[in-house]
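In the two assemblies presented below, chain A is common to both, partnered first by chain B and then by chain C.
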Partner chain A sequence: MDKYEVMATKTTPYILLDPQSGELLLAGESWPENAMDVFHPLFEKLDEYFALDKEQLRVEVKLDYHNTSSQKLMRELIFRLQHAKDSDKTVILNLYYLDGDTDMMEDWEELMDDMSLNYQILKRTD
Partner chain B sequence: MDKSDVFWQEKQLLEKSKQVLQDPTKTEVSLAEYQELLSSYADVLKQVIQLTRFSDRNDKRMRLLTDKLRRYVSPPLFQKITSGKETVEINKTKRVRLSIFFSDIVNFSWHSRDMEGEALSDFLNSYLEEMTHIANKYGGTLDKYIGDAIMVFFGDPVFVSDQDHALRCVKMAIAMRKRLRELHRHWYELGYQKPLFVRMGIATGHVSVGNFGSSERLDYTIIGTPVNLAARIQSMAAEDQILISHPTWALVKDCIPCSDAISMKLKGFDNEQLVHEVLLDEVAPEGELKCIENPDLGYSLKWDNSKLSLEELIKLLSE
Partner chain C sequence: MFSFDVHSIYRLMRDNHIQFSYKGPITRDVLASLGDAIKEKLHRDDCDAKVVRRVFSILVESAHNIFKYSSEQVLSEETQKSTGIGLIGIGKHAADTFVVFSGNIVSSEEADDIKQRLELINSLSREELKQSYKTQLKSGTVSANGGAGLGLYEVARKSERPIDFSFTDLDNGNKFFEMKVYVKVEDQNG
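The block that comes next holds the complex of A and B.
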């Protein structure tokens, strides 16, 4: 599997899924016309990644802003990660919020409600 | 099922539920099927609750941000941008006839030389706060502050009529000067020795109005000869004096007493310019200025009803 990298645009985030390092990074803003155009190809790549028998995935989410459709698909991403964990994969998830943006912190807290993933909600320092 | 739809899974669930009902071989729904449906419904409900809260938080974020930004833009322009009537694009300008106001504090550097930084900003901000409040009250578009100088224009983004713009502009200047006179005592008590005076200048004419700057940083402003003229007229005004251009005078002369024309040589203008001094000290409250006219019968009367009632006027005319 090749590295999957999508450069950021004004309305879509930077995405990097690196099978070598076992890392997934989402950064920037996500408010596209159709959020599925961003997330559906990523979900396919994730399925491909987990099919490689990789043991671990580290996920870093550094979104500055995302719309409701993107939040819905973030929820789906979390379900997929949960499913991977339930299939004995090691998933480490770090969800970041901007300093002072307590709303985003709440967004992540609510999203992770009822999940048994190994996750942290962290304040951005960059 | 179209998997490019964000809600494709929920739609799939609905379809599946419909199929169960439409199946002619089924006479009843099994407990397992009911359990599955209930579980899916609970999940969808949880999702709806989460997304509603998320959306509400995003709305709140947007509201707070908008509230912060509104202080950087004049109220009429802010309203136009947020109502979607103003497209925020560069090179989008138009020619409009506006009335433009400039003012600055006489000898501001002298006033400020002994002030500490904090006292200076408090003093300047309290002055600008008062003046801006008056500009907004008269519906002016505050273009910018340049140190202690203020630039306001009338006629855009909301165009009414040339006369209305010029009248509101001159009335605003009179109201500002009156308020400053009231503030002399207040500032004296705060320790400022010398009363603060301003020079004010107004001009009316065609300018280009719109978005100027770069695609990353735009200013909604005006450019054109009348802008320079207003600034030059203002620089020629004496302490506490309001000078207006001849075209502005032509629009307000029936309502605002002004001096005869004064011919002035202004920097940047080849020909001498006619200007007038505004001689009115106080503006009648809105709605108090009454008018009766009938050009066919040869009369036109305007009076301040807050000072003179109709009965008193009739009595005065009959004497």
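The block that comes next holds the complex of A and C.
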């Protein structure tokens, strides 16, 4: 599979799913009219990735801001990661927040509330 | 012909400390420009980053409500999708309080639904609100138009409560829905 890369716009995030390095990166802002337009193509690529003989995926989420509909789809993303983990893949998940953005930190805590997937919520230093 | 004077709009905005207001189709480009303008303005005023983010977030969720639920719709040229018409804006309610206001026309059925949801949200304690948000986040799926049913909860979570709202009856049976949301400058600590 090819590298999947989507450039950021004012309302949609930068997305990179690199099968070479085994990394998924989300960065920037996510508040499109319809968050499904952003996440559903990514979900298809993730399915493709997990169908490969890859053992690991590292997920780095460095969003500055995301709206509620994006948060809902982040949850669907986490479900997919959880499913991959349950199928014996190693998933490393790092959710970042900007220094002082306790609202975002809480968003991530709520997102992961009832998940058994290992994750870290980290303060961004970039 | 035009029967208004610009000065009256100027005075209305000045006297009510309205920093900006927009009325029209709430397209993605409009929203992105408004977002930039607000962030820049609030940063220039030396506003706490957390307040800027909250005001911005409330603006986004309010605007998304308009383009999904407004009964006045136009076809957006950028996306070839239908977009709601409404009014959104930001002002200073007091020295330490911002107000994000929005208004749009809704059907009477939609009005009943919004009223019920806002009354419920206004009746919840902070802790109950947090729980309800979580329940809503975990249940159901995103609707075809991208709605997650979380917008009003998010608005409530990030503002002083209660959320101020009202409906005005219009001639054709529709209602004008308006909402004012207050954000305090000092940290509310959730």
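Side notes on the structure shown:
Everything below uses one rule, namely that the second predicted complex is superposed on the first by the 126 of 126 C-alpha atoms of A that agree within 3 Å, B and C clash if a C-alpha of one lies under 4 Å from a C-alpha of the other, contacts with A are read in each partner's own complex, and residues count from 1 in each chain.
Rule of thumb we're sticking to: a contact is a pair of C-beta atoms (placed from the backbone, for glycine too) under 8 Å apart; a residue touches a chain by one contact, two chains touch by 3 or more.
None of the values given here were measured: they were computed from a predicted structure.
Applying the stated contact rule after C-alpha superposition, one finds that A:G100 touches chain C and leaves chain B untouched. Of the two partner chains placed around the shared chain by superposition, chain B and chain C are both touched by A:M36. In the superposition on chain A, A:E110 contacts both chain B and chain C. Contacts of A:T68 after superposition on the shared chain: both chain B and chain C are touched. By the touch criterion defined above, A:D88 reaches neither chain B nor chain C.
Ranked by how many residues of chain A each touches, chain B and chain C are led by C. 34-37, 67-69, 71-73, 75, 103, 106, 110-111, 113 are the residues of chain A that lie in the contact sets of both chain B and chain C, per the superposition on chain A. Interface of chain B with chain A (complex): residues 3-6, 8, 47, 50-51, 53-55, 57-58, 60-61. The touching residues of chain A, when paired with chain C in their complex, are 10-11, 31-37, 65, 67-69, 71-73, 75-76, 98, 100-103, 106, 110-111, 113-114. Against chain A, the residues of chain C that register as touching in their complex are 28, 31-32, 35-36, 49-50, 53-54, 56-57, 60-61, 64, 67, 79, 81, 83, 133-134, 137-138, 141-142, 145-148, 150-151, 153-154, 158, 190. Here chain A touches chain B in the complex through residues 34-37, 40, 67-69, 71-73, 75, 103, 106-107, 110-111, 113, going by the rule given at the top.
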